[in-house]
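Just below is one structure, and these are the notes that go with it.
Order as written gives the chain letters A, B, C and D; numbering starts at 1 within each chain.
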Amino acid sequence: MTWDADEIMTVTAARSLAGRTSCFVGIGLPSTAANLARRTSNPDLALIYESGAIGAKPTVLPLSIGDGELGETADAVVSVPEIFNYWLQPGRVDVGFLGAAQVDRLGNINTTVIGDYAAPAVRLPGAGGAPEIAASCRETIVIVRHRPRILVDRLAFVTSLGFGDGPGHRAALGLRGRGPIRLITDLGVLEPDPETCELTLASIHPGVTVDEVRAATGWPLAVRADLAVTAPPTPAELTALRSLTRGGSVA
Amino acid sequence: MAELVSLAEGVAELVHDGDTVALEGFTHLIPVAAGQEIIRQGRRGLTLVRMTPDIVYDQLIGAGCAARLVFSWGGNPGVGSLHRFRDAVENAWPGPIEIEEHSHAGMANRYVAGASGLPFAVLRGYVGTDIAKHTTTVSTVTCPFTGEVLTAVAALNPDVAVIHAQRADRRGNVQMWGITGVQKEAVLAARRSLVTVEEIVDELDPRPDAVVLPGWVVSAVAHVPRGAHPSYAQGYYDRDNDYYQAWDPISRDREAFAKWLDEVTA
Amino acid sequence: MAELVSLAEGVAELVHDGDTVALEGFTHLIPVAAGQEIIRQGRRGLTLVRMTPDIVYDQLIGAGCAARLVFSWGGNPGVGSLHRFRDAVENAWPGPIEIEEHSHAGMANRYVAGASGLPFAVLRGYVGTDIAKHTTTVSTVTCPFTGEVLTAVAALNPDVAVIHAQRADRRGNVQMWGITGVQKEAVLAARRSLVTVEEIVDELDPRPDAVVLPGWVVSAVAHVPRGAHPSYAQGYYDRDNDYYQAWDPISRDREAFAKWLDEVTA
Amino acid sequence: MTWDADEIMTVTAARSLAGRTSCFVGIGLPSTAANLARRTSNPDLALIYESGAIGAKPTVLPLSIGDGELGETADAVVSVPEIFNYWLQPGRVDVGFLGAAQVDRLGNINTTVIGDYAAPAVRLPGAGGAPEIAASCRETIVIVRHRPRILVDRLAFVTSLGFGDGPGHRAALGLRGRGPIRLITDLGVLEPDPETCELTLASIHPGVTVDEVRAATGWPLAVRADLAVTAPPTPAELTALRSLTRGGSVA
């Protein structure tokens, strides 16, 4: 079976949820990947949505984080204050799965504004649940399409913290979660350098060249010595993904 | 005990020019009909509060009802931007709009503090982000037991909260179920409240995942079938995803929006 | 995912000498059988936490399991005093017991803070009373927005929480309904948790007023029918009011209690 | 119909709930009176119990504040944290209805200990919900049997605040509720003096003398110039009360 760039991105993201107990699912691409994980690598994964659905098992891909399907299939539905205070904040969720308008080389996320805050070039939707998902989940995984205007050197506005200014910054701020352990794009997978926390290329998707990835990255991208090639999507993964997205794509 | 009123009466009585108004509903049970009645009655200078301003707030902002927006995520879920909101923020059209933004966790806790009669709430949030730089309602507080510094957010106590629910009984007891978001907190935090409902029934039989607001904490209840359209009311109708898609070209274009506004206010 | 265990295994694995243990259940669903299993296994030096220590804590205290009690109301509801508790406090029998007492609002908020991963909670409470004079876990905090001084209580994070629920499924998801008190908070605040249930079922069908704890936040589930007796389990059995009455003469008398203890541990 | 001292106490207490919207009901005697009010003077009264039952309409008198009957007949059942934080604390409840082991002349309540705290003569159950009920309800009403060891001059331990040290004390502490507006006993009704806040005799039950009340009070009891005689229980009130308590009395 052939597949496109978005498909290998989503499949790769879904694979990285294998072995996890619980995932706090952001709106958009993360939701597709998390739902695919439940159909492939991790049927027992507890999906948690900021709308209050815990253990949602939607049969069709939700279009929003508050679809009726989420509540109706969940193990429990709680209030929005409770989902943040009792479930996210104490650090009991394994993985936070986030999208972004922009990510910088240290994994920080902007979903607020492009340009000056007071007189913005582009006003984005804002923070939503992301700042606390990024702060409090044991680990976070970020999924974005790989474009120079998305993977940028430095953010003008930090909506959600990755590694902040670099090593030690999260700990100094008292954050408990490890931060972004992986950035998954339609070209490859970036992982933080253990020393500098800078996102470096760990894996490229089949058919993609390192130069293409570099050209699509807004900073001089370092490449790991042990650079891997992502395993292509299996027919089972693609079948599951396509049956999931047949109802409509997610913005 | 809540008064049973028409939607027009409820908005006229409870929502005044210059008020701080929270229309809440997290994807589900969004009080869209009430928002459009506020447009129809020409309210001005409102501080609009809502965690997830979506189409109904795009409409209120485009119609010029809002002087200020307090929010945590503004978008057309599953579609993209709110263009009336962006036009107001980016180009001050139809007028300037002041914004105050938070994270969801912060907004939720601001309502919790408001509902609890406390001036602030404590959370682990905002740390290391640029959000707190642009608002005076995020600060810090030190734990008197451990010395740890935590984030504090100021309570939200709107003048009026507006929500939509599935049902009420004739005494104004309100019942909603499914994803119920932050609506209980919004009503309990507000000085006044208006609840639109799909149905008025004799008896509220118990339902799983139901939240009941007794009539004595609600100011008025209005019977407004399909009052959450294009969002959904579990047990009554599904989300009208086409409406969300169709809103995008209307919202993108000032003239298309003006035409939409004429139709709504006609 | 919660492990399915026998009650004896659950207590042996999860409750250790010297632990801080919270058995919660507000009149309804009190984990009495689990408390008596703790007695049977001879745990010592426990810090027992419970908003409403009643008969089961009278039994644990009389049996000498407790070094310390953290609570907000200790009595035999509808009957009178807990005489084993009083004998421990007034006469240090069977050993001295340290007490730390709070109001219900304070205890509830201490669990909320614990469940929320915060070191303290803010409330309007204790003001003008003598309660705070006898504990180090009540203090004050100043609102960074208004300057108002409020009460702070320290978070409670027990080593282990023990509760009783109506049902669990085979994957350890727990469901309880009716008056569910502070049990969710106790489990989420604790490092470990043991839930005894009336029934293990294949599927937890939704119920009004139900609270569900997913199996991944529960350490172990034990099938213990009538595990809340003499309290009640809504949908299963009523409160055994005669047992509460009959406890009074047993509790009043050290010898009668010793005989009761012999029977329970036989 | 004839009646006894406990009956007129309960009937008088129930009457004082006429016209109120909501009542936070303490354990014991207050619960009997509040349930009687729902059957006589105030059928619409919303009874709120600290167990989380809001708008309970029990058909039999509850033996505890967490009886199944309370939850099953309530408009809503919420968690214990919620009942205190969202319902009691903001001052939205009209009346707090409390019992006590001891009350002093300024309406302060002790339910903790008789004697020294560290080496008590009698260890009482403790605070329960009372301190915050007394602080946060718009008004409180206290119901106790009239004995010199119960109505005492000064408390060794204040569990729940009445008027504290006297006028202005509640306001100085930032408490929003007015405090105890009435103390109802089996001999009469005491109300705070508008100047001094001291509880004074406002009404005696039929057949009771002022001297008897004074002898049963642990401080020199002032008597209001307009001292009233409590209206005797009506047959309807007594019938309702007896049908309520037939199932068993409340300690």
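Quick note on the criterion: a contact is a pair of C-beta atoms (placed from the backbone, for glycine too) under 8 Å apart; a residue touches a chain by one contact, two chains touch by 3 or more.
On a predicted model such as this, the values are computed, not experimentally measured, just so you know.
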Completion exercise
chain A and chain C share contacts with B
Practice task
Could you let me know which interface, B-D or A-B, is made of more C-beta pairs in contact?
Solution key: A-B
Exercise for the section: Could you find the chain whose CA centre sits the greatest distance from that of chain A? Expected result: D
Practice task
Please report how many Å separate the Cα centroid of chain A from that of chain B, as a whole number.
Solution key: 28
Handout entry: Between chain B and chain D, centroid-to-centroid distance (C-alpha), Å
Key = 40
Problem - chain A and chain D: spacing of chain centres that average the CA atoms, whole Å - result: 56
Problem - Numbers and ranges of chain D residues touching at least 2 other chains - result: 85, 89, 136
Handout entry: Numbers and ranges of chain C residues touching at least 2 other chains
Key = 112, 117-118, 123-124, 148, 184-185, 209, 211
Exercise for the section: If you connect every pair of chains that touch, what shape comes out? Choose line, ring, star, complete or other. Expected result: other
Completion exercise
Contacting chain pairs, sorted by label, are A-B, A-C, B-C, B-D, C-D
Problem - Of chain B, residues touching chain A in the complex - result: 26-28, 51-52, 71-75, 77-82, 85-86, 89-90, 101-105, 108-109, 111-112, 123-131, 134, 148-149, 178-182, 184-185, 209, 211, 232, 234, 238-239, 241
Problem - Interface residues, chain C side, partner chain B - complex - result: 117-124, 137, 139-146, 148, 150, 152, 154, 206-210
Practice task
Using the touch rule from the top, collect the residues of chain B that touch chain D in their complex.
Solution key: 1, 112, 115-118, 173, 184-185, 188, 204, 211-214, 216-217
Fill in the blank from the handout: Contacts from chain A onto chain C in the complex sit at residues 21-22, 44, 46, 54-55, 75-76, 85-86, 89-92, 136
Completion exercise
chain A contacts chain B in the complex at 27, 50-53, 63-68, 70-72, 77, 79-81, 84-85, 88-89, 112, 117, 119-132, 135-136, 157-161, 164, 169-170, 173-175, 248, 250-251
